[in-house]
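Right after this note come the structures.
Two complexes follow with chain A in common, the first pairing it with chain B and the second with chain C.
On to the complex of A and B.
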C-alpha cells in the first residue's frame, strides 16, 4: 500500500474484526482513500458515517462539550467507528466481536497522524 | 417535503430523494428541458430558467465528455461558497433524465451521490413501459407548458407517460 493515508488505514485495518477503514473528506463526505474488504459498500458507509460524525461534532459543540474526538455506533451485527482531524474523518467498519478498546486506540492514534 | 410533478411515476422516488438527501432544490427534467418534477421552486419562471440551464449544462458536459473520454460525463458537481449543485444523468426505460439538485451545508455531495444512486434505481423501477424518449417535435412547447402547468397546480399531472412526440 502506498500514499499519504495508507499508514493510518493499515494501522486500523490490521486489527482483528475490522472490515474496512476509510479516510473521508469531512465536508464533502467523499472517500479520499480506503482499505475495505470486498462487498463493503464503501461510498455509502463513508458518506453516511461522515455525515453522522459531522452532526455529532455540531451537537457536541452546541452543547459546549468541545470537539468530538471519537464516535462509535453499535449495530446488531457490528460497529462503525469515526475519529476526525481537521478536514478529514477516519472511519472504520467492524464485526461485533471486535475489541472496541483496541480499535479506539488505533483509530485515535491513526487520526492524530492524518495530515 | 413538497414535490410537484408533471408525471405521477416520478413523485415517490423524487420525494424520497429530497427527504433523505436534504436538498434545497431538485429538478428532474428530460434532456430537452421538459420538466417532470421539482422541489423547492415557487415560481414557474424559475423552473423554466433552471430547467433550460440544466439542460444546457448537461448537453455541454455530455459533449465535452465525448470529446475527452468518448462518453458523456455522468455527473457534475459545483461547490459554491454557500450552496452547491449536483447535476447528473439517470437512465430509465423511458430514456435518460437529468437531475439538478442544490444543497447547502446541511447535506454534502457524498450524501447526495448516495441518495442519487437510490433515486436512479427507483426511477428505473417506477418508469412506465419503455417508450422512445420525447424529442423536440411540433408539440414540444405545448408539452413544456403542460408540464409547467401541472407543477404549479394549473393542470393535473399525468399518470401515464407523455405521448411520444
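On to the complex of A and C.
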C-alpha cells in the first residue's frame, strides 16, 4: 500500500465485513485510489456508488436540505457507504453483517482527512 | 459545553437583563439538559415576568420534565399575556391530550388551527384527539361542523402521525411516479412542501435500484443520507412506491431507522386497505 490515500482507505478497509474501500473523483466517477479484496469489481462499484451519491447530493440540495455528508444503502446481500469531501467521495462496499455504526464513524473520520 | 451554549452563556453573563436567556434555555432544553434549562429560564423570567415567550419556554421545559400540570399553568400564564400565542395553544393542547382531556384539547387545538390553518402539526394533533375521543366515546362535538374530519385527504395527511410520535420527524409515502400519496412535510413556516421534497428525493431510489441490479446485492431495503438540515431515510413501499422519513440530524440514526420501519408497515397496511376499498 503506497498510494497517497492509503491511510484513509486502510482505516475503513480494516473494519470487519468491509469488502473494499475506494476514493473516487466525484465529477467523473473514476477511481483515484482503492483497497479492495480480490473479486470486487472496483470500477463498477465506484461508478455506481458515486453516481448515487451525486444524485443524493443534487436531490437534497434541490429539496433545500443542504449538503449531503454521508450516505448508506442497505440491500439484502450487502451495504454501500459513501462520504464526500470536496471533489472526492470515499466509498465502501460491505457484507450485510457489517457493524454500520463503526463503519460510519470510520468513513466520516477518513473522509474528513482527505486532501 | 458546546460552543453555542458557551457563546450564549457568555452573552448572558455580559448582559443579564437581555433576552438571550430564551435562546440559551431553548438550546439547553433541546440538548436534554432540563434542570439547567429550567434554572436559566426561571432566572430570566424573574426579570421578564410579562414576556409571553419566557413563560412559554418554562412551560415547554416543564412538559419535557413530565410536570404537565405546571406546564399547563405556565401556558395559561402565556395566554393571559398573549391570548393568540400559537406555541402556548399547541403546547396546552398537547398536554390536555396527554391527560386524556379530549374535549378541552380539541377546543384549544381548534383555536390554534384558527390562528394558523396551514400548520400540519396542529391538523395531525387534532386528528389524534378526535380519534382518541371517538374511541373513548367521550367526544361531544358535532361531526358535521368540520367537513374535513375523517375525509380520505385528512386520513392521508395524518397517516404517519402515530408512528412519528412527538419527535422532530416527518414522513411521506410517494408512489412510483414520484407523487405524494400520504403524509406531510411542513416547513418551519407551516408550508407543506411534500410534493417538492417527494419529487426531488424519489430519484435517488431509482438510482439505487439500478446499482443493486448491477452489483448483485439483491433488493435494496433502506437508504439513508445525512445532510446539513436532516437525516433522510427511505425504504421501498408496495407497488413501486417509497416511504421517506426526514428527521432532525441530531436524532439518533437507530431511532430514525425504527421509525422508518414503523412508517413502512403503516403505509403497507394503508395501501392494502385502500386497495380493498377500491
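We take it that the second predicted complex is superposed on the first by the 115 of 115 C-alpha atoms of A that agree within 3 Å, B and C clash if a C-alpha of one lies under 4 Å from a C-alpha of the other, contacts with A are read in each partner's own complex, and residues count from 1 in each chain.
The rule we apply is simple: a residue touches a chain if its C-beta (ideal position, glycine included) is under 8 Å from a C-beta of that chain, and two chains touch if they have at least 3 such contacts.
Because the structure is predicted, anything quoted here is derived from the model rather than measured.
Student: Given the alignment on chain A, is it a clash or a fit between chain B and chain C?
Tutor: Verdict on chain A: chain B and chain C fit.
Student: Using the superposition on chain A described above, determine whether A:59 touches chain B (first), chain C (second), both, or neither.
Tutor: second
Student: State whether A:67 touches chain B only (first), chain C only (second), both chains, or neither.
Tutor: In the superposition, A:67 contacts chain C only.
Student: Tell me which touches more residues of chain A here: chain C or chain B.
Tutor: Counted on chain A, the partner with more touching residues turns out to be C.
Student: A:25 contacts which: chain B (first), chain C (second), both, neither?
Tutor: Touch status of A:25: first partner only.
Student: Is A:106 contacted by the first partner chain B, the second partner chain C, both or neither?
Tutor: neither
Student: Counting only touches as set out at the top, which of chain B and chain C does A:50 meet: first, second, both, neither?
Tutor: In the superposed model, A:50 contacts chain B only, not chain C.
Student: A:36 contacts which: chain B (first), chain C (second), both, neither?
Tutor: neither
Student: Closest pair of CA atoms, one in chain B and one in chain C, after superposing: how far apart in Å?
Tutor: Distance of closest C-alpha approach: 9 Å.
Student: Enumerate the residues of chain A that count as touching chain B in its complex and touching chain C in the other.
Tutor: 44, 48, 51
Student: Which residues of chain C touch chain A in their complex?
Tutor: Listed in rising order, the residues of chain C that touch chain A are 193, 196-197, 200-201, 203-204, 207-208, 210-212, 214-230, 232, 246, 253.
Student: In their complex, what parts of chain A are in touch with chain B?
Tutor: 24-25, 27-30, 43-44, 46-48, 50-51, 54
Student: Using the touch definition from the top, list the residues of chain A that touch chain C in their complex.
Tutor: Per the stated touch rule, the residues are 41, 44-45, 48-49, 51-52, 55-56, 59-60, 62-78, 80, 93, 101, 104.
Student: Looking at the complex, which residues from chain B come into contact with chain A?
Tutor: Spelled out, the residues of chain B in touch with chain A are 79, 108-111, 113-114, 117.
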